[in-house]
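Multiple structures are listed underneath, in structure tokens.
Two complexes follow with chain A in common, the first pairing it with chain B and the second with chain C.
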Partner chain A sequence: MNTNNWMRKWWWKVLAIMLMLFTIVIGMMATVPALPILHETIRNLYYHVPMWFGMTLMLLFGMIFSIKFLRNSRMEDDIIAASFTKVGLLFGCCGITTGMIWAQSTWGVFWNNDPKENAAAVGLLLYFAYFVLRNSMDDMDKRARVSAVANIIFYFTFIPIIFIVPRLTDSLHPGNGGNPGFNAYDLDSNMRMVFYPAVIGWTLFGTWITTVISRTEIVNRELHFSMNNISMNNSSKQLDSKF
Partner chain B sequence: MKKIISFLLLQIITVTAFAQRPDTNVEMADLMRSNGKIYVVIAVLLTIFAGLLLFLISQELRLKRMEKKLNNHISNQNNNQ
Partner chain C sequence: MYPQFIKLTFAARMNFSKSIWFLIKKDLLIEWRQRYAFNGIILYLASVVFLIYVSFMELKPEMWLTLFWIVMLFTSVNAVAKSFLQEGRARWLYYYSIASPYAIIVAKMIYNLSLMLILCIIGLIIYSVVLGNPLLHPYYFLLVVILGSFSFSLTFTLMSALASKAGNSAMIMPILSFPIVVPILLLLVKLSREALYGGILEWPLKDFALLISLDAVMLVMAMLLFPFLWRD
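Here is the complex of A and B:
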């Protein structure tokens, strides 16, 4: 029973590297629409927006692993869920910082109190609260159970906050205040051909970072348990199956 | 499975001819492109990315050794009991 086998595979990591190399090179080279105000900063679509898409997907995977944990109580699933959420939060912090830099150049100030900016900030605080909650408990079982439930609740709070609320009002962000999508920007399909690989590349890359973080944490736990002569999951006596 | 997924994903990045930029008065970094200076920026970005990648890969390889060591340790412990 080697359920975490996908973590040790190399092919999807190579794929992530290829997609990201493509994004970096073609993202800088390809022709982009010449628009006033934006000028060359339109290329940030290839670098800033995938952060948010990647974050949403990382948080989604984290939530899925939280559900898996609640279904089968495997400690690995709890660790993986928390690692995905951690990387999601990292992407979110990068997204909000790059967004501020971009806002300074196009909208004039770093922080516009734009509905989407505020919503993203609230969403990030929600996930900071998740880690405060998680790390406030010493009992590992209790921590895993409570943070799994919290993760599921936070995800379904976060999605409406970041995707629906900004659309109910006027926002500087394209595609908000009524009309969906970012057609205002990438009318030409050339931009999509760099943007979608960027999203997939960052998602795979984030997953890769997640596997390294969670495997480190699993080794750390195993070490702790083996020193105290107990096994990590009561059900799995044969530890060979894990590695 | 992996071949199919890789193929489909790499299919997306097949770039067809990029259209010429229409004549506009919007100022773009065309000079950077025409004199080739944009390649310097790309080289810098690629170097940073390569550095991060090497770090991540070396970390993963180190982790692999640790897992192996720990696993041997645990199975020894189980045999002794």
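Here is the complex of A and C:
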């Protein structure tokens, strides 16, 4: 394997590792503006907020692969879509956990009946339901098709849940209900220097996890099919011609 | 597979509206033959309202509204869920061979919409007879109820189509529907709260627009995605 090729394939994984290291080290070490109530917990901005950015992006990629599946019926696209959605859900769970810890130290309780918290919880419920729906079907082609349709519907209802519901009432989150927004505690734009790399780093890392999960799933399925001497795509057609 | 809907010629469009009409008539006929199902839903509604009546000593107006929407939510999930679940697989195969998927989903939506309108109005009557009526703008509230039944029927028809493909559909249907309906429910509660306050009615036009655009999203997705869903 020559170096050039290696770099072309791996540069973004190297970038992901570097950005994550940067986020963890600099995020913990760099000076942050001293603010009342928030104090040092403001560093959670580098871990909590990128989770939601990452989740929305992962789910978006999953939705795009679902559309691709509906257009060309390639089984790989379905597996990739489900893997992206899985990682998006993982990010969402991490986001809600970090958010709860942050809420405990700033607002005093883990769950504050804050509209943004509630919206996020509803979004997670939606995607858990997606996996229940997906796993309730045994036939692989049908499962792929129905879950692709469900994924597209859920993405377009997830976005209103996340972006519209919190705006219906006041929220404790910054930028809602008269609270200062992100810019207010971003005094010297030092935090921005860590925050944006953190978002990119987490997104790349999520994509990396997705590639690993989907490859494992594809290999598993190929193994399963190779025992029956059929390939993954159009399995039913090939079965028809066989029998 | 592609948007055949757009390419329909005049003759085909005649056929399209005709098949929608026949499908709706078919649903009405099934409903008439299985009157027990509709009566069951009404009885369900009445029992829930009575349950609320005996378990609450007094109901604050705000609570009255919220409970009304929750009762309607559960009733409509139960009423609409059967739209794709009640008929067997063989019969669906027959429908798909004689009508386009667009005709089937549009017919189901129109049918469920009228069913929901009737249910919501009966529900509102039972609810306000048993639990009293604190509304100061009843006609405005009626408008919100009509909009609400429209949103519920659109959303739950699509969810019922999804759930009918899954194993254990009866369990899948509510877990798919409840998260999806949250923004609609919150908007409806917010909109109907205006009906409680006296004086001149302030029309929350922004919220109306939001609700209608959510419905439009659902409708567009149903039209685009149902053709992929029905093939078995």
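Note that in this section the second predicted complex is superposed on the first by the 217 of 243 C-alpha atoms of A that agree within 3 Å, B and C clash if a C-alpha of one lies under 4 Å from a C-alpha of the other, contacts with A are read in each partner's own complex, and residues count from 1 in each chain.
We take it that contacts are C-beta pairs under 8 Å (C-beta built on N, C-alpha and C of every residue); 3 or more make two chains touch, one makes a residue touch a chain.
What you are looking at is a predicted structure, and each value in this text was computed from that prediction instead of being measured.
Chemist: Which partner does A:Asp138 contact after superposing on A: first (chain B), second (chain C), both, neither?
Modeler: Second partner only, chain C.
Chemist: Between chain B (first) and chain C (second), which, if any, makes contact with A:Asn5: first, second, both or neither?
Modeler: Neither: A:Asn5 stays clear of chain B and chain C.
Chemist: Where does A:Asn113 make contact in the superposed view: on chain B (first), on chain C (second), on both, or on neither?
Modeler: After superposition on chain A, A:Asn113 lies in contact with neither partner.
Chemist: I'd like to know which partner A:Asn228 touches here: chain B for first, chain C for second, both or neither.
Modeler: Neither partner.
Chemist: Compare chain B and chain C by how many residues of chain A each one touches, and report the one with more.
Modeler: Tallying touched residues of chain A, the top partner is B.
Chemist: So in the complex, which bits of chain A are touching chain C?
Modeler: Residues 70, 122-123, 125-126, 129, 132-133, 136-138, 142, 145-146, 148-150, 152-154, 156-157, 160-161, 164-165, 168.
Chemist: Help me check something: in the complex, which residues belonging to chain B touch chain A?
Modeler: Touch list, chain B to chain A: 2, 5-6, 9-10, 12-13, 15-16, 18-22, 24, 26-29, 38, 41-42, 45-46, 49, 53, 56, 59-60, 63-64, 66-68, 70-71, 73-75, 77-78.
Chemist: Quick check on the complex: what are the chain C residues that touch chain A?
Modeler: 158, 162-163, 165-168, 172, 175-176, 178-180, 182-183, 186-187, 190, 207, 210, 214, 217, 221, 225, 228-229, 231-232
Chemist: In their complex, what parts of chain A are in touch with chain B?
Modeler: Residues of chain A touching chain B: 8-9, 11-12, 15, 17-22, 24-26, 28-36, 39-40, 188, 190, 193, 196-197, 200, 208-209, 211-212, 215-216, 219, 222-223, 226, 229, 237, 239-240, 242-243.
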